[in-house]
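What follows is chain A paired twice: with chain B in the first complex and chain C in the second.
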Partner chain A sequence: MNYLDKGRKGVIAVRSRRVVVAMLAVGLIFALTACMGGWFTHEQKATLIIGQPAISGNRGEVLISVTNMPSQGLASIAIDDQGIVTANIDPTSVKVEGLNGFTLLASEFVGIYGCLAAANPTSGSVGGTIIKITFEVTGADPTFTLDKTKVSIGSALNTLITTWDLNIDTSYYAK
Partner chain B sequence: MNYRWRLIGGILALAILVFGAVGWADVPLPHPVYVHVQNGSGVSPDNGDLTFEAWLTKAPAAVLTQSSFDCDYGGFILGYCTVNCGNFGIEWTAGDVVHIEVEQTSTGDVGTGEFTLNNENLQFFPYPSGIIIGPIPSPSEVWVDDDYTSASCGAHTWGYDAFVTIQEGIDAVSGSTVNVAAGTYPEYIHITTDNLTVQGAGIDQSIIDLDGLLPYWHYPGNGSYASRAGVLISGYGSPDEIAEGVTFKGFTVKNAGLNPPTPYTEYIDIYADGQDDVRGIGVHNGKDILIQNCKVENSGGPGISVGKARLTTLVQSEDVTITSCVSINNSESGISVGSYVGAISITNNTSSNNKRPHPDADREFSGKGIEISGRNSSNLISGLISGNTCSDNGYQGIVLKNYSDGVVIENNTITGHSFDQDGAGIFFYGKSSNPAYDQNHIIRNNTVTGNIRGIVAYYAQNCTIEGNTITTDSGVFPVGQGGIKLDGANNMLVQNNTLSSLDGIGIKVQNTWNHVKAYDNTITGNTITGAQFAGIPIWGGAHDNTFEYNTITGTTELTFWSGQAYEETQADGVFIDDDAGTSNVFHYNSIHGNAGDGMENQIATEIDAENNNWGSPTGPYHPTLNPTGLGDSVSDNVDFEPWFGAETGSVVVDPDVAPGDPPVENPDAGVSVTIESGTGSTAVTIAEYSSPPPDTPSFGAGATYMDVQISNPGNVTQLSITFENMTASTVIYFYLPGTGWIACSNQTYASGTITVTVTDSTVPTLAQLTGTIFAGGSALGNVNGDSVIDVLDVRLCLQIATGFIEGTGAQRASADVDGDGDVDLTDAQILAEYIIGIRTALPGGGSV
Partner chain C sequence: MTKKILIATTLLAVVVGLTLFAGGPLSGSWSGKIVINPDPFSFAEVSSIIAVNYAVGGFVAASSSEFALTGFIWQGFGVTGTLGAFNAQGNLLFGASTADFIYDQLIVTTSIAGIDFGFYAAQLSDAVLQGPADGFAVRLAGNAGVLDIVSIAEFGAQVEDAEDDNFNGITIYHAATGLHKHYVTNPLVVGQGFTGEKVTVSGWSFGCVEDIATTLYMTCHGFDFLRFELSAIETGIDWLNFDVDLMFQLQTKTLVVTPTINLGKSTCIDVYAELITDPAVMTSITGIGIYGLGFTTSFGNVTVKDLTVLNTSWYAITTPEYGTKIEEIAEALKDGHEFYPDYWELISIEVVGDGCCGGSSTFLANTYFNKNETALFGWGMTHIEVTIPINSMIFLSGQVEVDTSGLDHIGFGFEVGW
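Entry: the complex of A and B
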């Protein structure tokens, strides 16, 4: 009985170590694939990204980018009045520029609020930077945040893109 | 033989001349007189069956007989007495009268005649100027001249076929004709003879002037109003109670009832105007009657009246024609027809200035140009009223009343009926508020101008009012009446009328005061310009009426019922009152340029007003539903989407067409579409435009623009479009945005028709026939036409502005938000500012 009990304990101990190793291996594989961007489902979803301000001296810069946009890509964007909320920037110094074929059509920054509209008449962006915003810093830790409910985006097929996420992690796209 | 007799005759003639010249001057010259003899049946006595005695009236003792030398009956000429006046034994001269008495031996019938001699070698007196023996028949034709005397009546027989009064001639004649020479005849006339023509020398030539005369009345008592007329044609007293086959033409009849000797028992003056109410020409119980080329003026009653003889059991007239007459200045209607059965013809008459003050305190004038009525609900009047001119009568121009069915009123001119508050140009109504007694009329191509109301259908059904030109003039009365009024009318077709210069509303549809409904009427293709209050108002429960292809512009403001609790001020193209019925629909109309709303709907039920043109490709203005619309405004409860960006000439829509179905036809455009093959059904729209749709480039002079649209090309594999009335050299082009006009690839010509075949591999393709129809409009800024102005419209605008796409006409019109006629980056920027809230309105639109 004791042998059996002892031996049985030993078997169990060996098996437990093998399971732990196997689980570690699987976890490593999952981690690697995740780092490659090919496993986590949220990374497949259309995403609008507003980056963290990059500050250099008294000037700052924010990029607006997209990824995984459907229907041949994002081709138009409208951020309604008060759709952009800022802090510690000079609103009168804000300049907005369309990138990668996007034409800025309208923008306005007053007080802490801002809005803009831009479009690409010829094609859409499945992924990439579409707008650059520059400004003068007036205080520590300037911020740009978006109210998703005030943002409309359209595709290159001139259809609304209604399912998308807003991401404010600047390193997200950079990764 | 013949030569020999001629030679002898020549010798005798020469001898007569020689002897006469050398000393036979005292010897009477031979002068044979040949007088025809016949009995009342037109048969001459046989030879030997007639004796006569003849003498000169200046010497009755010298008598010649059939046995005298050179005298004879029938021997020289069959049926003729020969009296040689040279054998009287006394000298005769021209102007002498020879008297002849004859007797038929076998019958004892006698006859006489007197014949004036002349200087001719011989004289013939054929029938009817010869001698008639036995009972003398009435002449079938007589002559009347106010200049005749017993001694001077032309070639006629005084007292037999020649008279100085018309009535004598009528009484004497047996059928056929009374010929009346130019002159003045102061006499009342009555005609009860069938198959008689009484013909004068013409208007203002043969004049029956009744001033100061005692009117003739055909029967006395209560019914005598209908028994009197300047010229009365009546069946009263005849066996069948009908005066049939009478023609009266070529007269002026005037002053009937004027200044009669008073008092007299039958005097009637209902209107108290001092003139006996006597008609000019009256037809009572007439059948197959023609009144032609007569002028009737200044009668105490109607000028020309057709109706019943009241004291007869048969109380109607039928088959009457009144043509080329003038009826003016009479105290009642110019031409009045009542108690009539069947078809009447009233053509090319003038009926003007027939009016007198109305005896009722709340009315102004009576007197109509032409009014007709059937006898009763089983005997309705029909017929033709054409080419007449009715002007300035006291009440109305042309009136169908009581019982009528199938009257055509066309090509008349009716103007100036603005003397009475209820005046109208054409007015037709059914007895007892029953539209079934007032139906199936056609009122077309009339000029109805300057009347208080234009055309009024009151208790009517199944009539067509088309192609009329209408203006209104309220005269001294308040403005506001209708150009066309459907009042308690149903199943009417009102089409292609032109209404302008209106002293009130355009086309009014309403139930009557006693709730007879206006429904199932179709009002289409009319042009209403410059109405007041509303181009088309719908009042009082009117329902289920259809309004299509009408153009309503330039309506100005007017207030009804001023000062009342229900005072209403409008200037609308279309006004639907709060008591109007439901299911009135408006499609394919062009409603723009009105001072008020394009359409105001006061009822709670939404009205179907889709596919109308509101004067702008951006659609009608509505403060919330289409705030950027630049067209006429619309009220709540108006379903105005989709709308047309251009005026359409005609539009035909078939929502469900499948292979094997008959062609969809737009007859006005001359275009039809056939689904040749496919797997299912599709809607087909065929539209015609009078000019290029907005922002579509013109093809050039002489081009016409059609639009063929299908809703479901996936169900179609091949269709054909046929264009009628084409020439062999005509080419059908297709407008492809971004490319321009390109010729359709598969088109063939045969017998005046071009057929274009469309498949997935042709130009155009089936897919290119989809989308909004060519002239489909959309709101300013709503470039993609999805009814929402958003980021998609901004990009589409930018695409058009940058030339990446050309855009359809409607898209370009909507994208031109600054209204400068071009779509550029500024438009995209403005639109972008608008959608993100930088600006609250587009340059031409309303507020958000």
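Entry: the complex of A and C
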């Protein structure tokens, strides 16, 4: 049974076409916007990561890692005097070790402050661990932080990496 | 004391009892390792991995729990199986120490009329520095005559390509311990709009060129790169070939010519050689550099191996876990292989024998030499590993490393299968 006259049918047909066209337009706009990556793409920033101290008994360990490093990766790092600030750590017990091709050039820990320099002579690290610091714990909740203004990092192309973030609280990162 | 004996007996009974599951739908393994630094006394490594597999209806479900010195790090679940013409694989990863969902992945593949179809989907949670992200990719692969054609349409995710350094999958790290997990599907964005298309055509060869591969990659921003790779171009000299990698990007053109030397198969001593080129003029070959020598022989159950690295600035010997071989340091770093940067020579003796109760026992002694040491013959370090089977499903292991400063570390491990 058909209760609609021809005029009414025409109105509904036109409205349906408009709805379809509108949906297609909205879909196209969303698709193009998604494609342009403007709203959705996360910026992959170069980041220097200080891992949470891993404590076992009176021994502790901190890993320094990097991710999203540009220009073929990070190949050198220099942390100036007082660039590392610690708490509840015995400075005389600190040992610094380069990881994954990084060689420790120099380090010094006195009182609550420390500094170090390390480099990778063969290649850069785009992501992964680069330095391990072990120490003896002298109190509860030992901490290990960096002053970003006293940190310089260089790339495998021998250029200074100037745009980067310091992260001290993430538990996980990806490469 | 009685309580300790009771607990130890119960644990032993459970472990031995688990081996009785062998042959049933439930299988798995439990491996553990403790490495101790004696001076000052500390645990260098404490790890435990429990894997449980349950097979039902063509599918195998797996659970993997990974522990480290600081606690419970990873809890992973996986499922693999076949349903009709479809092969499926699923992975789920949780960060146990923070009670976070980390990552999941679903891969479905099938082959119809000579065309391989693959669907790859993944999600990365916001607990990871680069998250949240999700996406999927559709892979089509087939042949047209002698040509191999692979098309990957990306909707927010990339698929690992072993032939292309720009597509490495995803490796997720636990920042405090450095422990990591690797997966082939790398989600890059939130939302699943079209983000890229990669088409690779390879298998084309003619005359003096073994293989020509062409890759076109388009993203949402338009043209990304076009690459031509010509492999093993013959020069008319038997031992000299070269590869050409020509890449066009929007504002750059890169040409890399890599000459390669082929010394043929050695019957006695392996010679590791490379062509030396002038960094300023890459097509100018200035010499042949021999950066290593190798020798391996077996008699009975005993294998003797010697490796010598002559250029320790660029090459190193990988650790036993990574095959004890000479590898370029840059390649080892890229592939995540551990190596000894300080040692230039290795003498290794490995003995494999039948265990008393099933399985086989192994003894490995690697002795390394260091140019900078003043010990006898420049001895640097000795690494000894022993694996002993209790029965065909239970293995105990031990390792000791001694260097010029004394005992470096001692370790114990076990593996139980069922």
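Simple rule for what comes next: the second predicted complex is superposed on the first by the 128 of 175 C-alpha atoms of A that agree within 3 Å, B and C clash if a C-alpha of one lies under 4 Å from a C-alpha of the other, contacts with A are read in each partner's own complex, and residues count from 1 in each chain.
Basically, a residue touches a chain if its C-beta (ideal position, glycine included) is under 8 Å from a C-beta of that chain, and two chains touch if they have at least 3 such contacts.
Only a predicted model underlies this, so the values are computations on that prediction, with no experimental measurement involved.
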item	value
Partner chain in contact with A:Ile153 - chain B first, chain C second, else both or neither	first
Partner chain(s) touched by A:Ala78 [first = chain B, second = chain C, both, neither]	first
Partner, of chain C and chain B, that touches more residues belonging to chain A	C
Touched partner set for A:Leu105, first chain B, second chain C, both or neither	first
Chain B versus chain C as contact partner of A:Ser65, first or second or both or neither	second
First (chain B), second (chain C), both or neither touched by A:Ala117	first
Contacts of A:Gly127 with chain B and chain C, given as first, second, both or neither	second
Partner chain(s) touched by A:Asn88 [first = chain B, second = chain C, both, neither]	neither
Common interface positions of chain A, toward chain B and toward chain C	103, 120-122
Residues of chain B touching chain A in the complex	784, 790-792, 794-796, 798-799, 801-802, 804, 825, 828-829, 831-833, 835-838
Sites on chain C touched by chain A in the complex	40, 42-43, 46, 68-70, 95, 97-98, 100, 102, 124, 127-131, 133, 156, 168, 170-178, 188-195, 220-221, 313-314, 329-330, 332-334, 336, 341
Partner chain C, residues of chain A touching it in the complex	30-31, 33-37, 39-42, 44, 47, 49, 51-57, 59, 63, 65, 67-68, 99-101, 103, 120-123, 125, 127-129, 134, 136, 167, 170-175
Residues of chain A that touch chain B when the two form their complex	75-81, 83, 103, 105-106, 108, 115-122, 152-154, 158-160
